[in-house]
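By written order: A, B and C. Residues from 1 in each chain.
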Amino acid sequence: MITMEHICKSYKIAKRNAGLKEACKSFFHRDYEEIHALKDVSFTIQDGEMVGYIGPNGAGKSSTIKILSGILTPDAGTCLINGKIPWKNRIQHVREIGVVFGQRSQLWWDVPVIDSFELLKDIYSIPDHTYRSNLDELTERLNLGDLLRSPVRQLSLGQRMRCEVAASLLHSPKILFLDEPTIGLDAVSKLAVRDFIRNQNEIHGTTVILTTHDMQDIEALTKRIILIGKGQILLDGSFSDITKGNPHIDETLAELYRSYDI
Amino acid sequence: MKTKKINSFQLYLHYVSINIRSMMQYKTSFLLTAIGQFLVSFNVFLGIFFMFQRFSHVKGFEYSEVVLCFSIILLEFSLAEMYARGFDAFPDMMKNGTFDRVLVRPRNEILQVLGSKFELTRIGRMLQAVVMFFYGITKSNVEWNVSKILTVIFMLIGGTALFTGIFLIYAALCFFTLDGLEFMNVLTDGAREYGKYPVSIYGKRMLQFTTFVVPYALVQYYPLLYILDKSTNRFYILLPLLAILFLIPCYLLWRFGIHKYTSSGS
Amino acid sequence: MKKYVSFFRLRFLMGLQYRTAALAGIVTQFAWGGMEILVFKAFYEADASAFPMSFSATASYIWMQQAFLAFFAAWMLENEIFDSIVNGNIAYELCRPLNIYHMWFSRSIANRLSRAVLRCFPILIVAAFLPKPYGLCMPKSLPHFLLFVITLLLGLMVTVSFCMLVYSLTFFTISPQGLRMLFTTSVEFFAGAVIPLPFFPETLQKIMELLPFAAMQNVALRIYSGSMSNEAMLKAIFLQLFWLFTLTAFGKKLCNIAEKRITVQGG
């Protein structure tokens, strides 16, 4: 279970003005501007839930994900994930999570995919039999077969994303964070990735937290949506709470952003 | 079922092997880079060679002694560069966000950063250093014994540790700024370049600096005096190992940098 | 001509943007120059009679070398140009009504100029105020100074035209890396970046002075430090002009052949 209570986070950002004179000045003295990335964010996610976490750019999505994955320490508030504080017990905590950054690869570019998987096996100290059964299952369900033997640089984006997803699940994490998992994919690959994620949740009860701008992803995968804007949770409800029956999803969302002025 | 935890060293070897397999995809490029590394340091050697065509000695050191000195520092540097290249490429890791990936894995960060790059191409430089070392030995009349051989080994260990520490500082500074880190070249490439001569030739102040601040002299000048019979102080044999202590402040700076990173997220 | 000037302007202004990098570069080069001078000082103290030029001339040579590093550094080849040749983007550039050779030439000059302009003044000013034998001396006379400026610019052009030759040759090789490496190391050595040419044994030095590499930094730095006779200066300037014309003519020819090959083969 994930509980986040009253989490706040603000950054100091050095102000910098244009011009040589200003640049010299900033060398000795800097003005800081405080940016409140998260203001009193609270929510609870049960085991086995699939949640879409949406909001415009700069709303605080990535700060939240960073806090949940233990990379970022908040200024105030508490967060417990399966009984652990992510940033305090980071190494323990990250054993139980899988992260897919849609834009950045975790696979080695020039060697066959399977080599990267073998390395992950050692990084997570996955026992042999667990690794083998997970690999077999993922290979079958994601249809990886021949891909495993090819170097990553020869794969198409869709093929690569399937491998990325598999790589994040080799150590059987309880929670899976997906950041824009379908970005840039063609229609067939998108459907394949979505189907897989849904199955993963049904078969293994993996908790899935999905951040994306793609409303079709949200519609296909999640029952619950958390909308964040300007560092605050604006809406926490079901998909139909947001669309209210309107079939044009993107328009509805844009309308919603406008109404919250975010 | 018992879970066998892979220890850090085994994991590191796994990283090395995947690095080498990656590199072998580009064999020509590997070979050319290695030759290039060789040529660059060969140029430095030629510089020394031609200077000594004109001058017979410098501040009490002869040609063969300088060659020995250069070969050892070059070997130390290229060893460190080979396995600690991940620190050198750390600015890129910060810029493209790969470091976040490091943080979401249940392993020591330094191990992962080191594992991200292994520069086997530095073998070119090492080869140059080894050839020069034996050339220096045949040209000079050092009488080798166990304690002198030990001194050389300690120099290699201490020197590699020292350069690793400097690379680590470079990486740690990336947590604070990504601009203008070029000046660190003075401590890395500069030390390799100017470490070719025993530091004493640069004067007393430079000797003090390299003894107490950035301890190059501990892995170069003092043990060299012992090897060349210019000093009988047996303490100089162990002095290079003292340079390993330099890693402590470097590591603390790194920890501090990570702390800053996880509390500011950038 | 106008379009090359605007191309030059654009590149020049782009280069000026990286101020922090420039500051760090200045500090680095200053340290580098200082160490270099300490090396020569040690050798000078070991045997002053073996010195081919006065010590303060050597110091001036080194400071000038550091200040104008960006003019002559062989490794400052442009990756963008290599990449565009290797990955075939060069085809787009060929579509524009520009001469590739002229465009790359003006762009390389601009890059090197903008880097040097930012970095040279602080180095020169501080070096000029250093105590006597270690600092930068004033030039011997006004004509010397003028000749220095002329040969400095000529040297820059020879360096760039040599780089152009490397770019043009890249069209004909599969791996530009080897070519590049060979070029960089030989320039460093023969141009006098490792040790100044006067420090080489006499016969070797005589041969080296005839090579195109000697027409790069060697002439200007030695004229400034006043270690060249009038006759030697004249000969050196003549050689600079000769190499400039030969290298550009050869480079242009190669570039034309390469362009034709691309248009025939379609990239």
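Assume a contact is a pair of C-beta atoms (placed from the backbone, for glycine too) under 8 Å apart; a residue touches a chain by one contact, two chains touch by 3 or more.
Treat the numbers as computed from the prediction; the structure is a model and nothing was measured.
A.B. asks: Can you list every chain that touches chain A and also touches chain C?
C.D. replies: Chains that touch both chain A and chain C, as defined above, are B.
A.B. asks: Pick the chain whose C-alpha centre of mass, unweighted, sits closest to the average of all protein C-alpha coordinates shown.
C.D. replies: Given all protein C-alpha atoms shown, the central chain works out to be B.
A.B. asks: Measuring between mean CA coordinates, which chain is farthest from chain B?
C.D. replies: A
A.B. asks: Would you kindly tell me how far, in whole Å, the mean C-alpha position of chain C lies from that of chain A?
C.D. replies: Centre-to-centre distance between chain A and chain C: 50 Å.
A.B. asks: Give, as an integer number of Å, the spacing between the C-alpha centres of chain C and chain B.
C.D. replies: 30
A.B. asks: Please tell me the distance, in whole Å, between the geometric centres of chain A and chain B computed from their C-alpha atoms.
C.D. replies: 39
A.B. asks: For chain B, jot down the residues that touch at least 2 other chains.
C.D. replies: As it turns out, chain B has no residue touching two or more other chains.
A.B. asks: Two or more other chains touching the same residue: where does that happen in chain C?
C.D. replies: If we look for residues of chain C contacting two or more partner chains, we find none.
A.B. asks: If you look only at chain B, which of its residues touch chain C in the complex?
C.D. replies: Touch list, chain B to chain C: 28-29, 32-33, 35-36, 39-40, 42-44, 46-47, 50-51, 53-59, 179-183, 185-186, 190, 193-194, 197, 201-203, 206.
A.B. asks: For the complex, which residues does chain C have touching chain B?
C.D. replies: Touching chain B from chain C are residues 20-21, 23-25, 27-28, 31-32, 35, 38-39, 41-43, 45-47, 50, 52, 175, 177-178, 181-182, 184-185, 188-189, 194-195, 199-201, 204.
A.B. asks: Can you check the complex and tell me which residues of chain A touch chain B?
C.D. replies: That would be residues 9, 11-12, 63, 66, 69-73, 87, 90-92, 94-95, 97, 99, 101, 104, 106, 108-111, 115-116, 118-119, 122-125, 127, 129, 151 of chain A.
A.B. asks: Could you please specify the touching residues of chain B with respect to chain A in the complex?
C.D. replies: My answer: residues 1-6, 10-11, 14-15, 18, 21-23, 25-26, 96-98, 100-101, 103-107, 112, 262-266.
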